[in-house]
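Letters A, B, C, D, E and F name the chains as they come in the text, with residue numbers starting at 1 for each one.
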Amino acid sequence: MFHPATKVTIIAEQLLQDKLIDAIEAAGAKGYTIVDGSGKGQHLTRASDRAVIVSDFSIIRIEAIMADDAQAHALATDVRDRFFTQQSGIVYLSQIEIIER
Amino acid sequence: MDLIASFAASFFNQLQSPTLAFLIGGMAIAAAGSKLSIPDAVYRFIIFVLLMSIGLDGGMEIRDADLAALALPALFAILIGCICVLLGAVTLARLPGIARDDALATSGLFGAVSASTLAAGMVVLDEKAIPFEAWTPALYPFMDIPALVLAIVLATLHAQKSKGADGQYGVGQIIVDSLRGSALSALILGMVIGLLAQPGQVYEEFYETLFRGFLSILMLVMGMEAWSRLAALRRVAHWYMLYAFFAPIVHGLIGFALGWVAHEVVGLSPGGVVILAVISASNSDISGPPTLRAGIPGANPSSYIGASTSIGTPVAIALCIPLFTTLAGVVFAQ
Amino acid sequence: MDLIASFAASFFNQLQSPTLAFLIGGMAIAAAGSKLSIPDAVYRFIIFVLLMSIGLDGGMEIRDADLAALALPALFAILIGCICVLLGAVTLARLPGIARDDALATSGLFGAVSASTLAAGMVVLDEKAIPFEAWTPALYPFMDIPALVLAIVLATLHAQKSKGADGQYGVGQIIVDSLRGSALSALILGMVIGLLAQPGQVYEEFYETLFRGFLSILMLVMGMEAWSRLAALRRVAHWYMLYAFFAPIVHGLIGFALGWVAHEVVGLSPGGVVILAVISASNSDISGPPTLRAGIPGANPSSYIGASTSIGTPVAIALCIPLFTTLAGVVFAQ
Amino acid sequence: MDLIASFAASFFNQLQSPTLAFLIGGMAIAAAGSKLSIPDAVYRFIIFVLLMSIGLDGGMEIRDADLAALALPALFAILIGCICVLLGAVTLARLPGIARDDALATSGLFGAVSASTLAAGMVVLDEKAIPFEAWTPALYPFMDIPALVLAIVLATLHAQKSKGADGQYGVGQIIVDSLRGSALSALILGMVIGLLAQPGQVYEEFYETLFRGFLSILMLVMGMEAWSRLAALRRVAHWYMLYAFFAPIVHGLIGFALGWVAHEVVGLSPGGVVILAVISASNSDISGPPTLRAGIPGANPSSYIGASTSIGTPVAIALCIPLFTTLAGVVFAQ
Amino acid sequence: MFHPATKVTIIAEQLLQDKLIDAIEAAGAKGYTIVDGSGKGQHLTRASDRAVIVSDFSIIRIEAIMADDAQAHALATDVRDRFFTQQSGIVYLSQIEIIER
Amino acid sequence: MFHPATKVTIIAEQLLQDKLIDAIEAAGAKGYTIVDGSGKGQHLTRASDRAVIVSDFSIIRIEAIMADDAQAHALATDVRDRFFTQQSGIVYLSQIEIIER
């Protein structure tokens, strides 16, 4: 009833959202959840809900749970290669336990 | 001498203008570490209302505007947008310790147009009862888009590596993206509705009523942002500060000069000349950055956004608007 | 023939109505892939102000309205709500490849009432200077709630499995939930305050001033949503599109007919008849969906929400409002 | 007897006041479990507009106000702020089962000032056409800050452990933090702009126009919050309810008395006296809590916030405003 | 000082929020944290902060940290059984390390 | 290419945000991500996006990914000691897998 699964978490700028979603669906994820946020990394520091002139740079956090660990790793690598070599963003994986519906 | 005196007077007079007072007030409270903040949702709504309002008004006016008079200023707007970018490419980009990508992105931003500066300019002209053609805001996209396109194209040509993961980012795509940005779509939508429907009543009852108030709040936000980004700016080369200070003035003067030509040739009103100059002096704060971010991924946003919001916009609003209003008074007095 | 001509005229005239222009504009920019968006917080605030405004006005009027005149239209409203749902149950639900739960949920939504369509109707009547009883919006809940209740009850009776995890979802609960919804609570609260307090000044200074402007923005949102939901709709049976197109017209005609009776019997004004027809033609976009979602968990929201926002609402606003205004002109001319 | 009758009359009359109606309406729908809610972004924007509006108006007035007349009321405001806190420290803090930290935090909150209550008082005076010096809101910080400072200092002196991880939380720091709070910064910024710039037009066109409407919505929020926090309050000692009910009245009477003195000595207008009393009766809902939270980390927010929002504020608005308006009528009639 | 604990993450529609919170508290969790979001799964796609006519369908992400792993699993099963067989939503578990206060 | 890393998640009141960020950067984290939320614990219950009179008490969720597990534990302990003995908030750690850029 409970199955191990891999959660891919991608943190990036809002302006990458559509491309990231395509990547996630292409990788075979059955779904994803997005929350808005703010943050700091090597590049910009972003404000959160106070008025920001340039909201496209604000941060989104996407998590996609995938049954197949290999697919999850593939997604992470793909996203890293295609986006985060040049643009802001990170991706990480965590092991979780999902309950089948 | 006289000009200087009258400029000084006009400038001091400007300080009395609420528009500017709110901008400075925003910087002041941000500097004082105030926790006051305008919610992002409200800020975005304000931008929408301002641009929709400008659009509706412009659209209703264009109906009976003679398009011939519109053509030349539009052409000049395109010219100005390109000249500004090229200027940046041969000055800022050549400076020591300046990455070419960063320089081109910055030039693109300063060649492009700011809706908030435009709105501020319009209100200041109203305050001074200087009339201008309501269609002048329609010049916005004619200057904004070419500037962004040229900057991105230059960057792409120059460095193959600049080609984002998304491969070639074609000219067409850039234009479409700019038009799709929230600022330009609101402006254009407003114009079309103003042109085709009869939004007169809703415009006067609602949009016009809120215009000045919303602008005052927008100025506050601009001021707060300007200050809070200074920190980020300090970390980048000081050349950006110099460029951000002088570019608006130079660009504005170019705009004023060509506006004067349009005045002589097609009778663009003095107020219209000021608007053209203000548009030229302004630097894009809403539509530009994301387009540049996507178009020149190699450029570091801290440099161009910092330069624009922290120095460029305040200079354009607080210095250039009074400067060109005064200039117009002097030049068109004869 | 004459009717057709005059309808055509009135319809073309409508296209000039800003209310409609903003709706179409919203669809257009969504279709163009614009990134313009109205923040959710602002959207929710707009809904609140519109309904509070309608409520306050209605409440102040009801004071000196003769309640006898109110009774019959209210009764008719209940009738219409139920008839619309039953119509859906015997038509849409019978169609091939349509899940009964989905059909009932959709019928419920189309039997229920839309605040935005109501507001649009009121503004259009104002634009055309057609007077109507300010208490007519009070008919909203009388039609909205019975429609939702009936739809859910039918679904629950029919399929035991439809009983959500939360066990029986009783009629009482449904009514309470509808009244607790943000739309109806704002409307009712406004009415009560209008009835008991003296909100005249704040109503005129604030609510009335913002009404048209906020409606224009709401129309924009409706238009954008309509387009962006079309995609989801395409994935469901095409019958929904047909139903969503014709239901508002049929429901509206039923409303118009009973309104005409009310006109004859208790002297409901022509404007009031149009409002009743528009309410009937409208389909719930705010209060309905969550209630149905909880009441008929088995139904797929993509079908009923898509049908309603993408087709039902545009048809109700862009087609039905002019249709019934024109009809009224013709019918009540004699 | 006569007073009682006239008070009863005035109070009933108040129930007709929309300001109050919205407050009660908010409680009512929250009690009814309505899902209606005002988005947080909108709420924060409303607070900003109200305080900016009060500030601008005050600032423009102070220009030609005689500062001598301002000095005494300001001094009294400081006095009142301190007295209220000390009162709490010798009453509430002494009660059985009341943690000293909680008691001091609560006293601080009730000694401090509420922007919403102030705004409500101003509108009610307008409704009754009772004039008052537009600079009276400037008394806000003079009462607010000393109250918060004193409460925190008392708490820190008393218990070493209260020293937050952030070590000593000095008096200077407390003052700075209060001034940096969103409420006070907006008020002060507005005053400075009103004083130095000429915001007359934008004030009348925008801020003044929205004032009553935004206040009505703020009252709604206050009412909803009051009800929804009652639950939390029930879990803490009942003494808080008693204190929260009587403190505003007592504090208001102290304010009224000193206001009367100011009337005799420097000719503070009756309306000004009412404002001073209302400020005293009010308890801080925006700026206070975070300052206290940081200053007295040991105190449990449920107690002081619950007491203030659930009981203190409603009492201050619904009971004290009419009380002191009536009192003024009686006292200053002679 | 550091203890292993189980984090139960529930992603569902806003209109289930109250019921889910009851379930969480009933299961013995000492607290929970909610963030708003958007997402896509088998059912609807939800928009995030742009105006959505039907906000009740927008997504919330609730996480509850529980000291007792069995309780956590019980909560997940309970939520799944009572809600997600019919309605939108997912629930998953992850092992974390909590520091006692 | 994939490295194990430790994620420190801090849930606390907004009014601690600046101090927490300082602590995180002091601990040597290369970045952090913040999302706003609401929640319930031993202390207050917080509303989320409906108007809350006192927004400073609303909840933020900060996550910081750190390569060095010891540093992460040190950060958790430091934050706990300096803030959560007195004030609202929790901190927990989870093991993740990060992909180097």
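Points worth noting:
Definition applied: a residue touches a chain if its C-beta (ideal position, glycine included) is under 8 Å from a C-beta of that chain, and two chains touch if they have at least 3 such contacts.
Keep in mind it's a predicted model, so treat the numbers as computed, not measured.
Any chain touching chain C that also touches chain E would appear here, but none does.
Graph distance from chain C to chain F, where chains that touch are one step apart, equals 2. By the residue-number overlap criterion, the interface of chain B with chain D counts as different, with under half of its numbers used by both chains. Each chain's centre was taken as the mean of its CA atoms, and the one lying most distant from chain A is D. Of all chains, E has its CA centroid at the greatest distance from the CA centroid of chain B. One inter-chain figure worth recording: chain B and chain F are separated by 39 Å, centre to centre, where each centre is the mean of the chain's CA atoms.
Rounded to whole angstrom, the centroid-to-centroid distance between chain A and chain E, based on C-alpha atoms, equals 19 Å. Computed centre separation for the pair chain A/chain D is 46 angstrom, with centres defined by C-alpha atoms. Contact of a single residue of chain B with at least two other chains is seen at positions 37-42, 44, 209-210.
The residues of chain F that reach two or more other chains are 35-36, 49, 85, 94, listed in rising order.
Every pair of chains that touch is listed here: A-B, A-E, A-F, B-C, B-D, C-D, C-E, D-F, E-F. Against chain D, the residues of chain B that register as touching in their complex are 15-18, 20-22, 25, 28-29, 32-42, 127, 209-210, 212-214, 216-217.
Across the complex, chain F is touched by residues 9, 11, 35-42, 48-49, 59, 61, 73, 76-77, 80, 84-85, 90-95 of chain A. Of all the residues in chain C, the ones that touch chain D in their complex are 39-42, 44-45, 48, 176, 179-182, 185-186, 189, 192-193, 196-199, 201-202, 205-207, 209-210.
Chain contact summary for the complex, chain B toward chain A: residues 37-40, 42-44, 164-166, 221-222, 224-225, 228, 232, 285-286, 289-290, 293-294, 297-298, 300-302, 305, 309. Within the complex formed with chain E, the chain A residues making contact are 1-2, 5, 7, 21, 30-36, 65, 94-99, 101.
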